[in-house]
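To keep things simple, chains are lettered A, B, C, D and E as they appear, and every chain counts its residues starting from 1.
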Amino acid sequence: MAKVDFAVPELKEYPEIPALKMDAMAHSSPFKSKPEFQGPLGFPGELVENWQQQAIAKMGDLLGKYRSLRVYLDACVKCGACTDKCHYYLGTHDPKNMPVARQDLMRKVYRRYFTLAGRLFPQLVGAQDLTEDVLSDWYSYYHQCSQCRRCSVFCPYGIDTAEISMAAREIMDSIGVGQKYCNEIIAKVYRIGNNLGLPGPALIDTLEGLEEDVYDDTGVQVRYPIDKAGVDILLVTPSADFFAEPHVDGLIGYGKVFHEAGVSWTFSSYASEAANFGMFIGSYDNMRRLSQRIREAAIKLGVKRIVFGECGHAWRVAYNFLNTLAGPWDFLDPRYPVPQHICEFTHELIQQGKLNLDKSQNDDKVLTFHDSCNVARASRMGNYPGGQFDIPRAIIRATCNHFYDMDEETIRDRTFCCGGGGGLLTDDLMELRVKGALPRMEALNNVMREKGVTHMAAICAICKSQFTKVLPYYGMNMDQIVSVHQLVSNAIVLTPRDDDQDDDDDSDD
Amino acid sequence: QPTLAADRIGEYVVPSSRAAQVKQCVEPADHMRRYHMELIQHQRDATVRHGIRSTKYSLSNCISCHTGHTAAGAPIAINATGQFCNACHAAAAVTLNCFDCHATIPSGEGWNHEVAQQLLLLPPVSEGAE
Amino acid sequence: MKRIVYREWRIPPSRYWSLLALLAAVIGIAGLSTLYVEHHGHWVTGMNNSVVWGMPHVFAVFLIIAASGALNIASIGTVFGRTVYKPLGRLSGLLAAGLLVGGLLILVLDLGRPDRLIVAMTTYNFSSIFAWNIFLYTGFLAVVIAYLWSMADRKGWPYNYSIGSFAMVWRLALTTGTGSIFGFLVGRDAYDTAILALLFVAMSLAYGLAIYLLVLMFSFNEDQRPLGEVMLKRLKNLLALFIMVMLYVVLVYHLTKLYGAKYNDIEHFILLGGGVYTLMFWFGWIIIGSIAPLVLLYHPDYSQDRNWIATACGLTIAGGFAAMYVVIIGSQAFPINMFPGKTIVAFGAMTEGNLIASYLPSLPELLLGIGGVAVALFITAVGVRVLQFLPESLADNVIDPHYKAS
Amino acid sequence: MSFISSVFAYLYYFATLVLVVGLLNKIVQYARTPAPLKIPTTPAPITRTGVTLRMLREVVFFESLFRGNKWTWLFGWIFHFGLFLVTLRHLRYILEPVPVVITMIQPFGIYGGIAMVVGLAGLWARRFLVDRVQYITARSDHLILGLIVTIGLTGLFMRFFMHTDIMQVKAFYQGLYHFEFHLLPADPVLLIHLLLVAALLIIFPYSKLLHAPGLFFSPTRNQVDNARDQRHLAPWARRLEQQP
Amino acid sequence: MTYASHSHSSPDAIDTPDSIDAVDTDRRQFLHYAAAGVATVALGGGAVLTTLTATAEPRTTPVTSTHRWGMLIDTTKCAAGCDACVTACERENGLNLQQSPTDDAADWADQQSAWIRKVTLRDNLTGQVTQLPLMCQHCAEPPCVDVCPTGASFKRADGIVMVDRHTCIGCRYCMMACPYQARSFVHQPVAQKLTQVPRGKGCVESCNLCVSRRDDDRQTSTACADACAASGQGAIVFGDLNDPNSPLHQALAQVNSRQIRQELNLNTGVRYAGL
């Protein structure tokens, strides 16, 4: 891997809107996907012969299928409100990382081929043919968008650059220009069941190990069942939860919560992945195929409810798309929303007083919370708008004594992406990831200095992985990032059960 | 085939007003249409501030000349619906507050009124004759 | 120094919208009553050719001087360098702007011809203190906005001190100007003294702060933000100080008036024989509006209790209205002393025994005045919700880094 | 003069046609294009009424823009509000009888005209002064701003300096309803004003001015956040579902 | 512009029974003066083609400070129970067309417009009762003009203080400022008005020395003065303070007169004798 040398940006006390630095990130683009990863997703292996026509045709196809694309390519007035909102622009200073400029990469092609003005007066309206240079720009800059939707919040028309970069990626895929990281992973899910390519037996191993660890720690037998049919709940969680730090601490927490709730539950080795990378490449088909695995698993295991673990993008697909892609869910228990977030589950228990939480267990930490972008801006928890902000915070407050929010401009729906979302969590984009994390790092740095914050909790696998990687670049510690359910796990006072001594007999009703 | 319709200046002059019998306004009607507000505004300041009571652009004079009359010869308020001022202003969505204060028919004593008196003595113009 | 973190006011939407709806309803009613007055003419109010300024002016003048007083908090922070007051600056500016707009709106809507507002904005008579006041008021708004900008935008920080000082000068000019509206009326005995301007400055400090404190306590309470004892104690003591200053100026005012023999009659009227006005003066302004709050603010127990502090603020404000009523209406009700040594037996339609002009506020004018208050609060409520005016916390350890819990 | 009047008459028929057909075409296109997935930008309202309110706030107050950029918001809002008032005021030329509200709004329309130009000036200045905005500005952006500013300035010029014969202008437009061609006043300023307005009407459906209808069709703003309660399926996605 | 107060004649002169004659003299002088005035003013403005006034023309040139209009009111002549001047003013200016919008007579008394008031005074020491009409004093240094924010209150070059009701916003500050309570606010819509005296709701008005008469050189007096003379009292003498030959000037020379609230130094155009 060719390591690029780059300067880690300096953390400032107040966010600054940088001056433009032309083409600062033109060199940044991820590895291209190989034919063997393209095939299983239904994409051509490499750049097709008549790629221009095909790309335009695909674009026309998408324009007819997605109102978002159609409207957003027309509606932008170049007001500039979004220009300083993207963390990649703030971190890299590259003007093409301003959301509107990113859209314009596609808009100029759209204008050229699909609008009267662009056909007649290309210069006047900034229309341009789809040339190789343009394609290379596309590849580069549409892979510098983490689809975090921060730009959409501030755009007067809600123009969502994520929609456009998804479309761009789909168009590129359709002519054989795919991104290695995403496509390889999707192929892996199709083959094995999860992003990390952990086969069933490996999972079982890991989970048994966890059960022992927890037992050693607490003296209480907490179960982490997998592929157990006839239980109430199917827990779908990002595969990182199975072994990476700090993810796995969260997973331990889920188990403890279920244990306390006294419900029966299971993982599925077939649907052992919550994340759905089909969204990143904007492919409805692939997103649907991935989602269907969950449906199949739920039917096969005969569960009554589906709960998702801590993962931002996964939760977006689950909350907003699952019903569309893999519904209807009429065979599940209608008393519960489908799916539910583990935080919703835990929060409800806390409210009902069913969890015995000892806050002092987290007294070694002063916490803040990172709203993961897809949870904050593309989904919800609970039964009112904004529940996704309050519920995780409520859980944190219930599990620890010291909590401070970061700057208001950098949290809730204005939260900054961790810098690694949208299929960019790959080492070949390290420079982008580090620079893109700048706004979040600044806000974190400020609360660390002013409020003495030591740890940042998150509910997204990508955020956690990204921060573990990136924090050290900014002189912080990789273990400053924690899972929310890790806090729960620490604080929870487990109730011993009869079967604690009795390893194998779990007689659930 | 649409044709260019003739556009008549002076079409708003009320037939039963004295103006109907006079050939011209105090300025060419085309100019009056565009600038009457400025003329009377200017006159207004001249009168109030400097005591100039010339009648050429005076509002009372406009009213004297442009008020319509009933068949019986009684003057009709100039801002009444369809009357001279109102006909245009309703169409042009202009609201005047002039007539909060200014008499809408010539009335009262004094030299202004003498002008009005003389106008009143004129035989009312029969309706429709134009 | 620690950064002060400001946050939008985030009380639950239902509460927020009900608050706005309530204020909007009050404003709406005021709007309707204004239309009513404009349609019928001012005969439906209590005002007449003797008492030409009534309830609307009581409210308007009160709000305008309170606006100046509300900005005083920001001045203390910026100009006098009392950093403890800095976090209060933004709200102070917002409240000042709101109060001023509320007051001006009342004034404008009470005009005989509000439709000619544009005339007032475009033709000026520069010998009129009133015309200067139009500049002072609109300028005040501009200055406050610049001031807020210099407090909120980092680019503005370097200018904060200069803008702040300018704002303070402007503020004093504004209150002085408002006082002079009355002070320059040589024809009326109750006015005609420069001390009136001073009195207005003193009143503005007290009333502005009282309103500020109430708003601060309410908004912090609703949003569950910490408002520490240290801050509250400072503000409370400041309020007490301002009330005493005001009392002192009132004393001086009446002493100077009593000194000049020609003012004996009006002094007698206000202080002794003026019926409702005397009552308003002693009971409203002095006892309820000054002494009682002072007692509360210095009482060893009551002064520790937030409810009593709020009550003190409320009383001060009530006293303020009484004060305005006495100053504005009382002084007009007393007949002009045109013929020294002679008693007016008949004055046109007014005949003997009826020479004290009658004035009874009517409902529409009262509603208009209340509407102005609602406008001020409405602006404030919207402002704190959409922009970052309120500091996140005024807890003792936040405002004072050296604070130690004892 | 009668020649010019005829030219304008035909021009306005044409411009109106382009505007109406072009705009309808776009609106139908937007309405027909499905939004296959639920993508409201959250926190989004969870009821239809809530969405209507959100949309209303966006249209009336430019809420998102307010959060996004205060200066742009300020000028943008001043411009649009001014434009709105001016448009209402202009209804007097094309409506007979003139509704009472339109009559009452007249004086405000003039301030609206001034505000509109001030707002545009601010917006235009930004295109030169802010490097980011300069970067994203195309020639057409300047052109549209220039067009509207000129319309505004000629209008104001007529209002304050060179009055035109409004009755005749009105007669001209009233005449167009019945294919009667009336004369336009022979005022160059008026003719420029009207010419540019016609240009504006023509480019409307083919330019970024589509933001006005576009906003109403923006899925991130007009969708209800109820994905878990109601299955949302686009027609083409349903077809996908039927072929296994 | 200043001029000395005249105090040549003794106060007793005022009470002499031949004061009626004095009025007659005044009248004659008035007429004489008027004739001269008409003769000296050019009859310009022939440009108006619709002119219907065949004889003298109203003024076509701006007023100048050549004149300063004023009055002398001899309170000793003002009769108890008489209010002819008030009635005349009301008729002249259409104030008699005012209609009470309210049933409350006391309220209406306070709210209706009064350009001139009949005032009765009793001396605190002697108990002597004095009658006088009180209207705008046409101050040379008018406080009402100083305070008016829009400049609607103004002083014409010929000394008449009046309100330009096109720019008056109805703020009533001038009423606060006037030391004589000479101004009225129109509290109700005006249904009937005279062509010559437009007046309407929401503006302030006051005596304007019958201004439209002033701009017509055929007119030499005010309605109130005429009425007082006609009633036989002749307590009001109207004229030009600047013209040493004017009857007003001569009358001032004969009686001891003063300004009301002289201490304010407003240099009023209306002077009172016998006060």
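Note that a residue touches a chain if its C-beta (ideal position, glycine included) is under 8 Å from a C-beta of that chain, and two chains touch if they have at least 3 such contacts.
The shown structure was predicted, so the numbers you read here are calculated from the model rather than taken from an experiment.
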item	value
Mutual neighbours - chains that touch chain B and chain E alike	none
Result of counting contacting C-beta pairs for A-D and A-C, higher pair	A-D
Most distant chain from chain D by Cα centroid	E
From chain A, the most remote chain by mean C-alpha position	E
Chain C and chain D: spacing of chain centres that average the CA atoms, whole Å	43
Approximate Å spacing (C-alpha centroids) for the pair chain A, chain C	54
Centroid distance [mean C-alpha coordinates] between chain D and chain A, Å	38
Centroid distance [mean C-alpha coordinates] between chain E and chain C, Å	41
Residue numbers of chain E (touch at least two other chains)	189, 201-203
Interfacial residue positions of chain D with respect to chain B in the complex	2, 5-6, 9, 89, 92, 96-98, 102-104, 106, 163-168, 170-171, 175, 179-183
Residues of chain C touching chain E in the complex	38, 40-43, 47-50, 52-53, 107, 111-114, 116-117, 119-120, 123-125, 127-131, 133-134, 181, 184-188, 332, 336, 338-339, 341-350, 354, 357-358
Interfacial residue positions of chain A with respect to chain C in the complex	13-14, 407-408, 446, 450
Complex contact set, residues of chain B against chain D	2-5, 7, 12, 30, 33-35, 38, 88, 90-95
Touching residues (chain side chain D, partner chain A) in the complex	26, 29-30, 33-39, 41-46, 50, 58, 62, 64-65, 67-69, 72-73, 76, 126, 130-133, 135-141, 143, 203, 206-208, 210-211, 214-215, 217-221, 225, 227-234, 236-237, 240
